[in-house]
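Chain lettering (A, B, C, D, E and F) follows the sequence in which the chains are written, and residue indices restart at 1 in each chain.
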Amino acid sequence: MLKSMRGLMMGRFQPFHLGHLELVKQILSECDEVIIALTGSQFNYIEKDPFTAGERIEMIHQSLKDERVDLSKCYIIGIENQFNVATWASYLKSALPSFDKVYSGNEYVAMLLADSGIEVKSPKFLDREQYNATKIRQLIANDGQWEKFLPSAVTNAIKKINGVNRIKTISKTDTKPTEY
Amino acid sequence: MLKSMRGLMMGRFQPFHLGHLELVKQILSECDEVIIALTGSQFNYIEKDPFTAGERIEMIHQSLKDERVDLSKCYIIGIENQFNVATWASYLKSALPSFDKVYSGNEYVAMLLADSGIEVKSPKFLDREQYNATKIRQLIANDGQWEKFLPSAVTNAIKKINGVNRIKTISKTDTKPTEY
Amino acid sequence: MLKSMRGLMMGRFQPFHLGHLELVKQILSECDEVIIALTGSQFNYIEKDPFTAGERIEMIHQSLKDERVDLSKCYIIGIENQFNVATWASYLKSALPSFDKVYSGNEYVAMLLADSGIEVKSPKFLDREQYNATKIRQLIANDGQWEKFLPSAVTNAIKKINGVNRIKTISKTDTKPTEY
Amino acid sequence: MLKSMRGLMMGRFQPFHLGHLELVKQILSECDEVIIALTGSQFNYIEKDPFTAGERIEMIHQSLKDERVDLSKCYIIGIENQFNVATWASYLKSALPSFDKVYSGNEYVAMLLADSGIEVKSPKFLDREQYNATKIRQLIANDGQWEKFLPSAVTNAIKKINGVNRIKTISKTDTKPTEY
Amino acid sequence: MLKSMRGLMMGRFQPFHLGHLELVKQILSECDEVIIALTGSQFNYIEKDPFTAGERIEMIHQSLKDERVDLSKCYIIGIENQFNVATWASYLKSALPSFDKVYSGNEYVAMLLADSGIEVKSPKFLDREQYNATKIRQLIANDGQWEKFLPSAVTNAIKKINGVNRIKTISKTDTKPTEY
Amino acid sequence: MLKSMRGLMMGRFQPFHLGHLELVKQILSECDEVIIALTGSQFNYIEKDPFTAGERIEMIHQSLKDERVDLSKCYIIGIENQFNVATWASYLKSALPSFDKVYSGNEYVAMLLADSGIEVKSPKFLDREQYNATKIRQLIANDGQWEKFLPSAVTNAIKKINGVNRIKTISKTDTKPTEY
């Protein structure tokens, strides 16, 4: 077993959109394998995190399958947020297969990984104005045009689990079960 | 032991007011027994949750006793907030005696219980403008007329535990021990 | 509202048996009210803790009702085990209505409450050989004569929730979900 | 997107052995897709759980790839042990893509899933005497013949991460960081 | 071993500034020993808490050493924030050596300690306008004149660990790993 | 501020004995400063961990003071046990001032620190038969000759907090508040 070059991308993927899909393809054009890590995997049914980890994994898996991405080169894994941020890089290593590069334009993430000797590389492209999960959730809540930003597998999954209604209901409630 | 029909009502009860008391009576007019579940039972001495679970249970119990509600038909139980909201319905079932109906006008709660096969019924009446715990806490903090909204057992308990001063002190502090 | 004298008894009540019931009656003969605190309320479906907190609360409540104990004098409340034992007395005070006396023959419990100024009193009687929850669970697992040690409401509840099978299944499994 | 029939298998996979691999193949002969859930994903570097979740995911993924199992039909996902066992089935649903059948010969697991309406099916074959992770870890600790029980990808991974030495060191230490 | 009079001061010390140092000296002029407790010790690399507990302990220790404060009279100890605030005083006692007086001008803290019989005393002086850790972090983020508010050991430590860049990076990021 | 060479020693120190004291002196003969880290700082009032973190810190501090060890060269810090052992080295770094060497004869500890680039050095001497905290706790429980193994400050502290009785009470109880 020759060790393959593995790239890591992270996100909440609430939901996984076409910008995320582009990044998967970019990484697979530069590395042998990609790890797609879902952050905040313990959260769901709240404003910033409407979908469960299981739902998100299924959405991503099906999107890649539809796009004929070779799933034998992909790891899709949930990771939990940590309160002690200084241990985050080390938690990441314990939760994921070994990786060589992190694709992130986020300086904060780069700082947290700085001491671990892992290379951080900015993604080539990600039109954050266009492809922005917060904006997409607002469009869903307000009956806007959201489908065009998502792989059709994600759109279908959202409909199947009644996700439009879920996001609307969350956006209207005062109940914040994880706040205090 | 014939299984009795049991209705559930939930709230933070910070504090338990006359609107809550009305709902207890409504449920007991429609069900054999009522479960009164205090949410956020792990929190106290903070702005939205000044009273401990123990204090709240005592306030509710005494209010029902004063009103000659039959306590043998009442369960008063604290439940903790859950970070993984998708498991909330199942946690609720583990923490409470079995129940048949939930009295709630909250669509979010209804959604979370949707898959569990539990009937959710809107309470007949609850003048939320009048009887509103947030407003009542503000009246307490600002020396307003708060006593008329509460059962006298709650008013007495608040005075006995020096609760007026507690709410004022919390409202003035910058110290937020549960925030970061 | 005159403050009533309140006595506290604690136990896992896995299950609540006739010895426990006797203690409730003893406390009510000496105090105005009794608090029955279920320890380890977060545990269930494991060997020492087969029943959920909700099931245990229901069993105790029904047993007292059957015995015509005045429920308006009883508080039945679950409390969680704490890792930092030194904070246990203080957690107890936050989770329960105020209390004046603890009924316990356990020197360890007495030590933990020593600094809090709460009186600890040994229960008059509790035939621990006869009425012993560990022994009762073993009798259930082995088709022994267990019903005679329990209030009939507890026996009925165990049957209704298929508790005999639950205890047998737990006793035979290697799966220990809370161990590592 | 037609919903495919999905089968779930669970285990600690410390390590993933040929018996586990057989079960994956059996499930894929009966279902469209398989979910392989690693339990106790939060534990590692202890006697029963020497490998991290990330290492185990990598071992399983590579084993399936070597065997030419179609990875587009496989989900490999870590799940954490829960203290409140009654919420386990519901946690499972939140952490995993939806599934239709659970392959397990464990009556305890069947009991925990009983109320959730999920079919539990006994695996056709699993020579537990032969293929037993506890026995395999002991063989590793004692320089026995362990390699023949494992897919070669697992053997290679264990060697690459210095896993033989890790298991020996753990087996000799008195330090039990997760016990108290 | 005669019991010495011990005074306690608490703070996040993000970072420890000259106002804090003054208070240490005041306490040592009135008590035999001082306990310096760092609150929120589990947090770091976030806006209000950029420095780890270890870094803060080192900064304080070195500042006192530079000032020729007798370290044999000082305890510098991290304490974690508690969700159940009612248990905080008791947690404090378990985490720290015994103490006789708390130096705090915070009424909220005084309230939480009220039942524990510990004397709370207002610090003689602390120019909160001048010496304010929030303001100092903002000066660091914006290239202002921050060094004059800090003991030189703290300034040096911040530079050594690249703390200026850390605070700037945190202030610019949208990533809030501990929020949801 | 020239960076000084700092050595780390770890232990539960239940209680801190003369063997531990010797190690402090050895480290200070080889390094400029020593960090004494108390593991399992969240535990107390249980068999393996009778004393609170605060009590242990006070015992160690006073012992060093009595021995005229220069406290300006010593850090005494509690650290909590971690469930995810793979993150332990990184947690250690966040909780402690930076360190250069770990003094430990424990191969397991050495393994956990192996990837972090920290040198692990075996302590010169520690007569583990003689100076063994488990044995000392047993001597205390059984009225044996325990005082000769401890610094007199530790003996005095144990007596002052009624520690002999505490250990005896714990050793006789069936109540295991942290087990389930």
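Simple rule for what comes next: a contact is a pair of C-beta atoms (placed from the backbone, for glycine too) under 8 Å apart; a residue touches a chain by one contact, two chains touch by 3 or more.
Computed from a prediction, not measured in an experiment: that's the story for all the values here.
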Chain-contact steps, minimal, separating chain E from chain B: 1
Partner chains that chain C and chain E have in common: B, F
D-F or B-C - the one linked by more C-beta pairs in contact: B-C
Fitting chain A to chain C on CA atoms, where both chains share a sequence, rotation angle to nearest 5 degrees: 180
Same-site or different-site touching of chain C by its copy chain D, using the half cut: different
Centroid-based (C-alpha) most distant chain relative to chain E: D
Distance from the mean Cα position of chain D to that of chain B, given in whole angstrom: 43
Separation of mean Cα positions, chain D and chain A [Å, integer]: 25
Inter-chain centre distance, chain A versus chain E - centres from mean C-alpha coordinates, in Å: 37
Junction residues of chain C - those touching two or more other chains: 43-44, 46, 52, 83-84, 86, 93-94, 178, 180
Chain-level touch network, classified as line, ring, star, complete or other: other
Interchain pairs in contact, sorted by label: A-B, A-D, A-E, A-F, B-C, B-D, B-E, C-D, C-E, C-F, D-F, E-F
In the complex with chain F, residue positions of chain D that touch it: 42-46, 52, 83, 165-166, 169-170, 172-173, 175, 177-178, 180
Chain B - residues contacting chain D, complex: 84, 86-87, 89-91, 93-94
Touching residues on chain A, where the partner in the complex is chain D: 1, 3, 41, 44, 52-55, 57-58, 61-62, 64-65, 71-72, 74-78, 93-98, 153, 156-157, 160
Residues of chain E defined as touching chain B within the complex: 40, 43, 46, 48-49, 81-86, 88, 106-109, 111-112, 178, 180
